[in-house]
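Pasting the structures in now, so scroll down.
Next come two complexes built around subunit A: one with subunit B, the other with subunit C.
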Partner chain A sequence: MMTSTGWHVGPKLWARYAAGGLDYVTESAVDAHVVGCAECRQAARSYVDPAPLEQVWAAVGTETARPRLPFVLRGLVRIGLPERHAVVLGGSSGLHRPWVVAVASALLCALLSGFLPEYQDRFFVLLAPLVPVLAVAAAYDATDPMRELFTTTAHSKLGIALLRTAAALSAAVPLTTVVGLLVPGLESLAFAWLVPGLCLTVTMLVLLTWWDAATTTGVVATGWACAVGITGRDASALIDTARMQGIFVAVTLAMACLLVLRTASTRLRGGF
Partner chain B sequence: MSTSEDGTDAEVLRAVGEGDEAALRVLFDRHAAWITLRLRRRTTNEELVSDALQDTFVAVWRNASRFRGEGDVGAWMWGIAIRQLLQRFRGKRLPVPVGAELISATAQVVQSAEDELLVAVEHGDVGTAMRSLSPELRTVIKATVIDGLTTREAARLLDLPHGTVKSRLRAAKSQLREQLIPIQGWGR
Partner chain C sequence: MSTAILDGVSKTFGRTTALRRTDLELANGVIGLLGPNGAGKTTMLRLLATSLPPTTGRIVVAGHEVTGSMAQRKAARRCLGYLPQEVTFPRGMTAFTFLDYVAVLKEWNITATRHREVGRVLDLVQLGDRATRRISKLSGGQRRRLAVAQALMGSPELVILDEPTTGLDPEQRASLRRILSGLARAGAVLLSTHQTEDVSALCDRVIVLDDGAIMFDGTVADLIEVARGRVHVSPEASLSAVTSWRSGTGAVRSVGGIPGPNATLVEPTVEDAYLLLRGQQTDHEGALS
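And then the complex of A and B:
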């Protein structure tokens, strides 16, 4: 009987192991032994073709040279976001910025409508739909570090725009909804702002095909403030009626079509 | 020449943890071959083997600092490799040959007396005892004890219900214990 000391996987045994010619028990014995035996692991090198290993090594090198995706994005990749999308998102270091802006403006929205109950409807109607707009604007900082990417990436410009918009909205929408639900007295408006918010965001994306983020935000925000101002005292009427919701849906769809047309036009690079 | 070339695996791994790519290469030279051979015994799909090997070393690169210095680096790496392979099996019918199994050393297995015996399988008594097990029981023993997977992971690998794996493992252990006690006085 062999003892556990001094037993090694000799060349013949490795050869048979590699060829799959060992019985179950002996194979297990080899498996159990090699994890702890450097000598036997070294001996294994003669039984593997080095060329494919070098290919693997080259691939490892490519991976290790790549910067790691931020934690949140790794999580998203794990649950199904295609990695190439995550890379595009990770490429805009400005991702935190839209998220911070979303948090800050949602909070502002909550504070104003919470502490000024008299005007809370008006503030909420004014600010809530602008939260996603601001978040998206922050994703499109005027000094856009992604601009270069547009011309080099395989992504369409629209693809990138929507991807970043989605990333910004993922923070803005839930937060603002929470504000609407938590602040007393706003319950009826908690969801009514969603369609107007979407409408303003899509409008903004269309305008972004002409202007930079700062100008666009100014135009959209001013436009919206005027609309709220004109409505006057009962601001909730601007968003909280079936008729207005219908109008916002229609405008959103029209703007979406326009956006597709704009990004498909040959004037823009990387159109899809 | 990199100093890590003569170091122990644990030392080299520490260097990897500090971002030394040459050290990663040293580990690759030492471990890629046997891991490849062993992975090939778990799947006939050469592409899966290459992918799992690649992912293993990428994972080693990123997680080197998490190795706590307990146990053998080889066992730790095998634990990563087999799980990378297992991950690639997910959702597929497993292209596994007879000896289906996996090991995890990421979480070092807590070994009972009979587990330890099995790990020293290299010889007669235990070999005989293992041979006496039915193929179903052996497969489960191999996946859990030799390859170090949890019963849940083994179930996924073997494409069996979790409960089946657990009951087969119990049966296999008790059979082994019965056979081994008279021979070597193992157990209490």
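And then the complex of A and C:
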């Protein structure tokens, strides 16, 4: 049907269109025309029931707006990470910063241990257990813009803390272990740092319930540096004996209990 | 039944008392919180939102004691939506991603249901067509509406909004008022604002806070009644007025004070009543010092 302003879809054509009785070429022509013609879009409402169309359109809208997770998180979801956890990891400071910190501090650990063989044990004992601490600290942004909102939601604060920690450790632990294996002469120290590293990380999580990430990292790192300093030349004795490993396991368990208690208490501050 | 209760609640930060001992019950409806900067409005809202623990007293939200066990506090958090005064959005997020993230934090664990709810609140604040746009590309008003949207997710029983209309144009404010009055049928909406016109247009009840204490608690009509017969216009300002200003017509509107011979009494507004209350408080403080 022609009008003074151009061609428009007429009633008969609409009726056939709505009934699905048009051939492919004519249907495509109507589709193409309706996209550019507000008058025909308006007219379509009287021939086609808008309710199911709006439902479909809403679903299309939601589908197209649906966020696409970053590549790494998509991979983690594929291997079993629940989608909601991936959203939390993507929505917080993300994985980039803790992973970059883990790589940087593991490299520093490798450099100092590898290029200063005279002090390699001392440097490795000092730095290796701090790599996960630094990575976890980077996962807790002290200026997290969402903190106030986050505090008022029902989501488990401990759950989020452990999720962020796991994400940070997933880079820090393998990297530092590889560094320990690559630097010649470290022998059993290459693995002995794991329990003290876990102990310091859990201690840090406990302290994060009081202080922000920067203060907590400072306190933990200073405390550990003092402990290494006190041992003097035989730094490996601090972590590489059965007795010390047992002490670190005991402290880790105690700190884990304290962490559960702290996250269940009223006065939460600091990192989570 | 009360949606929220403050029972002997106070809050101090070091030596500063932000909120004096307060007893308050909030029922369904829109409740406006007025007061100058530093009056304790944000502290009261943060206490109710479980963002801050009280120094003394008991807080109950939707029947759950916030100051009780962790389980009670969690249950209360499931029933509230909170808009802080300032929301700084994480970098790189789109409107949809942001709401999706908040929805996960609010325990919307089923993806399809969560996405439907995100779509619903985006449409509610008229940002449905901006869903895939990065937040950094949104205007100030659109960001504020996005922040409001997260508080409305799940239609909570208690909605706490700290200055929700800041940065919104008149049309958007009217739209937000419509949304909030709809919500108020099923729950309580507590909003702090400096916009007295929002209070008169929207609120069933108004609370005026000053120096950490409630100065007034009643209906909007009751508040306006405080100023009845005490607001007048005249060619010249009344010297004893609490405040006065020259309006666009050239006449001087005076709140309080003794009207001059050419003065005409006029209908007071919420703003007049608020200014009068504030003026009385300042006079009282002056007399005490």
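The working rule: the second predicted complex is superposed on the first by the 197 of 272 C-alpha atoms of A that agree within 3 Å, B and C clash if a C-alpha of one lies under 4 Å from a C-alpha of the other, contacts with A are read in each partner's own complex, and residues count from 1 in each chain.
The rule is simple: contacts are C-beta pairs under 8 Å (C-beta built on N, C-alpha and C of every residue); 3 or more make two chains touch, one makes a residue touch a chain.
Since the structure is predicted, the reported quantities are computational estimates derived from the model, not experimental observations.
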Just subunit B (first), just subunit C (second), both, or neither: which does A:32 touch? first
Looking at the overlay, does A:52 come into contact with subunit B only (first), subunit C only (second), both, or neither? first
Tell me which partner touches more residues of subunit A in the superposed arrangement, subunit B or subunit C. B
Residue overlap on subunit A between the subunit B contact set and the subunit C contact set? 61, 64
Please output the residues of subunit A touching subunit B within their complex, sorted ascending. 1-4, 7, 14, 17-18, 20, 24-29, 31-38, 40-42, 44-45, 47-48, 52-53, 55-57, 59-61, 63-64, 68
Residue numbers on subunit C that touch subunit A, as the complex places them: 46, 49-51, 53, 67, 70, 73-75, 77-78, 80, 82, 84, 87-90, 93-94, 96-98, 100-102, 104-107, 109, 111, 115-116, 118-119, 122, 128, 131-132, 150
Would you mind writing out the residues of subunit A in touch with subunit C in their complex? 58, 61-62, 64-67, 83-84, 87-88, 90-93, 145-146, 148-155, 264-267
For the complex, which residues does subunit B have touching subunit A? 9, 21, 24-25, 28-34, 36-38, 40-41, 46, 50, 53-54, 57-58, 61-62, 72, 74-75, 78, 97-99, 103, 105, 118-125, 127, 130-131, 135, 138, 142, 146-147
